[in-house]
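In what follows, a single structure is set out as structure tokens and then discussed.
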Amino acid sequence: MYIRTGFEIAIACTAETPLLLALSLHSTYDNRIIGSDRIRIEPEVPMDEYIDSFGSRRTRLVAPVGSLGVWSDCIVEDSGLPDPYDWNANQHEIAELPSETLMYLSASRYCETDELVEQAWALFGETPPGWARVQAICNWVHNHLTFGYHFGRPTKTAVEAMRERTGVCRDFAHLSIALCRAMNIPARYASGYLGDIGAPPSGAGDFSAWFEAYLGDRWYTFDARHNTPRIGRVLMVRGHDAADVAMITSFGSYDLELFRVWTDEIHGLDTDRDRLRLLEVRPNAPALTLAPIERV
Amino acid sequence: MYIRTGFEIAIACTAETPLLLALSLHSTYDNRIIGSDRIRIEPEVPMDEYIDSFGSRRTRLVAPVGSLGVWSDCIVEDSGLPDPYDWNANQHEIAELPSETLMYLSASRYCETDELVEQAWALFGETPPGWARVQAICNWVHNHLTFGYHFGRPTKTAVEAMRERTGVCRDFAHLSIALCRAMNIPARYASGYLGDIGAPPSGAGDFSAWFEAYLGDRWYTFDARHNTPRIGRVLMVRGHDAADVAMITSFGSYDLELFRVWTDEIHGLDTDRDRLRLLEVRPNAPALTLAPIERV
Amino acid sequence: MYIRTGFEIAIACTAETPLLLALSLHSTYDNRIIGSDRIRIEPEVPMDEYIDSFGSRRTRLVAPVGSLGVWSDCIVEDSGLPDPYDWNANQHEIAELPSETLMYLSASRYCETDELVEQAWALFGETPPGWARVQAICNWVHNHLTFGYHFGRPTKTAVEAMRERTGVCRDFAHLSIALCRAMNIPARYASGYLGDIGAPPSGAGDFSAWFEAYLGDRWYTFDARHNTPRIGRVLMVRGHDAADVAMITSFGSYDLELFRVWTDEIHGLDTDRDRLRLLEVRPNAPALTLAPIERV
Amino acid sequence: MYIRTGFEIAIACTAETPLLLALSLHSTYDNRIIGSDRIRIEPEVPMDEYIDSFGSRRTRLVAPVGSLGVWSDCIVEDSGLPDPYDWNANQHEIAELPSETLMYLSASRYCETDELVEQAWALFGETPPGWARVQAICNWVHNHLTFGYHFGRPTKTAVEAMRERTGVCRDFAHLSIALCRAMNIPARYASGYLGDIGAPPSGAGDFSAWFEAYLGDRWYTFDARHNTPRIGRVLMVRGHDAADVAMITSFGSYDLELFRVWTDEIHGLDTDRDRLRLLEVRPNAPALTLAPIERV
């Protein structure tokens, strides 16, 4: 399956503003991209790219005074299969976990595992370890949190989502991660493109957040927000939690003037040359509604 | 200068309990150690050692039912000089910071930089950037926080320390780090041995926490708790904050039965052979008082 | 208009449990009641009744071991008119407020006015003082809080509702009260029966919470939850906030086995004797769903 | 014993500012005052006095633009005895408490009893009911909270003091009250003059806060801050907690320019005429240090 993914963002700054972006496809996609995954900006200013310690490709630049357009557009080859699952994937003893997974047992900024241990064991201590336990956590989070964009805020944590019973996809992920870690299952944050391929039409494409848990000798994708295997998840970044991988980190303020995302299956094109030609014109994805942030 | 550093800890478990230790000298000390920095345990059970992503040496084991002794004892060669300082060390523009320092600008579990930006700029926005700004932060934290062991708790964060105006060395470090990051200065947590060499006698040796800030193209040590350059700081671990480098992370509960630390200058021994002989008997450091943790 | 109001509650205790009830019609209804507003219990145990400092009628008893039924049923004569309003009702200068209204300017348990002054003035400082200002507060609360029974919890406060953007009727009232007080308008909590007379059918009768604000030399009823004048509001209790007038305060735990409320207009009965006869049989109000409270 | 009590406060306003004062001796002192307990202001503006629902005498006025002096000075006849105590004072069953004491079992703004029930029973469930239980609460609060003026803040609550382990006299009172109520003992806030009569000299006179608990058919004074019976406590106000009886409630901002308090035993004067003559000149109490409140 071929998926066209891209975004277009326009911001305006009143002073030169350093930006740190996490808007590229993950470094593991390299050989599955048609076209270029490069970040493009207008007007052109110098950009630096580096790969952070989680393998996420990051971009650094200084936004000039005035408007800045940032966009990217390419085609990704994808298996076309739903998120893999394995009901028999076992949970590892702490002593057997690969050492590089251990850091995903610790509390992090938005996943205060240390505050949730007691609640986690009360809720999930009786569930069978392994896949069923992570699924039980996803079910609980999916069923107890009410989704709503107005329930998001940049500093909202897992403990707060637990108490408030509300959140956006990021909060569903953070709470699930914090609960997994409390049950001694390594869990990490992931984010990327997720459209409505194989699911009921849901309007504009968008970025989404989910998480990965380490079971049966590998990392598996889980998504407490949708709580069903999805097709066409295109990974951009990973980290302990959203603190590591904010899409735009700005060192100074800016106005967001446009924000639109597309992530669509490509049908009826047989050659890469045809696919490349498609990229000559940016698609007409609708702008995501930019709720005016209230100053309260 | 030669410093003998070591500790002896005894714990008791009622079930097999996986432990993750951060009790070794930092990997950068390798060629400056006389004797062995190995962690020793009794009874002997299998141990794994690995180096985490911050360069800290970590040890993994499963504590058996009953008592477990853990100790280490060696001699470190040290410059004997106070923490270096450079009043002229400049603050880097975001765009000029090495990419590997950027992760130390983000909020982390106990350093909620994202909640402190406004307060940080109100307090330090008028200070000159660079060394003077970090020093101003240390001065403020040193002068506004009251130190006391009973003011510590495992989940205490920078925001809480700011509001409560109290803490232990860990809290002094966390608050300073969070404020530095809010002012766009990379800052990271560090912890190790710190005795009273070159300072008034302060009784038993102990572990201590401090922090490092990136200025003038390198990391410098700062310590808002003591707020004066110190001699004989022996580094064990580094991380975003204490969540990355808890001395003992246990996956299950244990009783702490003994906890003593020594960190003393060695005088009057001319050869490494003499120094090694010293290590044949463990020193008589007094046990640190183990305050019974109240269950409230 | 004649409204039949009543409730039936069944609880079970495993030990003798003192109870303090706030389940009677307010003392100001005395001459408008047909039948008896007395609280009835089964089995019969001694009860004390008193009127608290807010004019609310309170009942004290000790629940025996086992099941206890508590009910009341009577007919109230009501004007049949919607909540009165007066767009011209002025806001009083502090210096002109009657002294007995001043205590309703202070912060209270669930209305932390002292924490909300800055936000309140930012939101409502530009609104015209008087009725329009209280209405602006009701509009804001009505539009920004999402209603849901699962968003309620006994300790939830105005500040928490403000941050979480969710609540039950009690939270809508608390937040409105806290904001009014911050704008120097005396405001107090009220609670009682509210059915669906003159409104779209809404199923089972229920208790509801609203608030009163002091404008134009009197207290007026406001209801940010429904945010429209309602017919058939039957007052039970008033107080600073819900801390003063919990429906059931128990000094020990109990299980709630049944909870149903009725509040219906009586049609087609011409004499009080006919109305009294109606009270001989308790109505068939459905039991309110008793969500199992999760222990988390 | 005769005690001269008084204060002098100077404030400055940039706009007309309504003030509500709680700075008079409690209404129960009426027949024990030599001189006049009236509040005096300069320049003279109209003042209203009323007695609130707790029996506290309150004063209302509108501060003019510019400086306003507020003072009072009189002599109170006092028993000269320490706070009464009765180790045998029993704790009342809820069912036997006078109904007017029941409101002092509820949570209030700064005493979140509803959040502390579990902790209170864990700490004090084993203590004998009655006086010994209240004393145990005072001991615990006295021993676990560190006193310091810089640990006070206007919105600090009992739960926060419990967690932070710090406070001013107000916080010691709030936490004790919240814990008493959680143990079903009515408790209320009290505040007034407290000097160093019969205690080691402590410098300038001051206002202080303590609390009263209902035991053995009456209200008794307790003071977890000092935790010893004191001589010369002169009551000004009572309430649920400090939210009811702030010394100065201002509806607008002001600068505090002077704040001094005196409360001294009068020696060697035999007649009321002599005592009255003493009041002709205000005493030289030192001004209390006015710590500049940091804007953070």
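To keep things simple, chains are lettered A, B, C and D as they appear, and every chain counts its residues starting from 1.
The rule we apply is simple: a residue touches a chain if its C-beta (ideal position, glycine included) is under 8 Å from a C-beta of that chain, and two chains touch if they have at least 3 such contacts.
Everything quoted here is computed from the prediction, not taken from an experiment.
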Degree value of the rotation bringing chain A onto chain C, based on Cα positions, nearest 5: 180
Mean-CA-position distance for chain C and chain A (Å): 44
Geometric centre distance via CA averages, chain D-chain C, whole Å: 33
Rounded Å distance, chain A centre to chain D centre (Cα mean): 55
Overlap residues in chain B, where contacts from two or more other chains coincide: none
Pairs of chains in contact (touch as defined earlier), listed by label: A-B, A-C, B-D, C-D
Chain A contact footprint on chain C (complex, rising order): 119, 122-123, 144, 146, 148, 150-151, 162-166, 295-296
Interface residues, chain D side, partner chain C - complex: 18, 20, 48, 50, 52-53, 58, 60-62, 93-95, 99-100, 102-103, 105-109, 112, 114-115, 154-155, 184, 243-244, 246, 249, 251
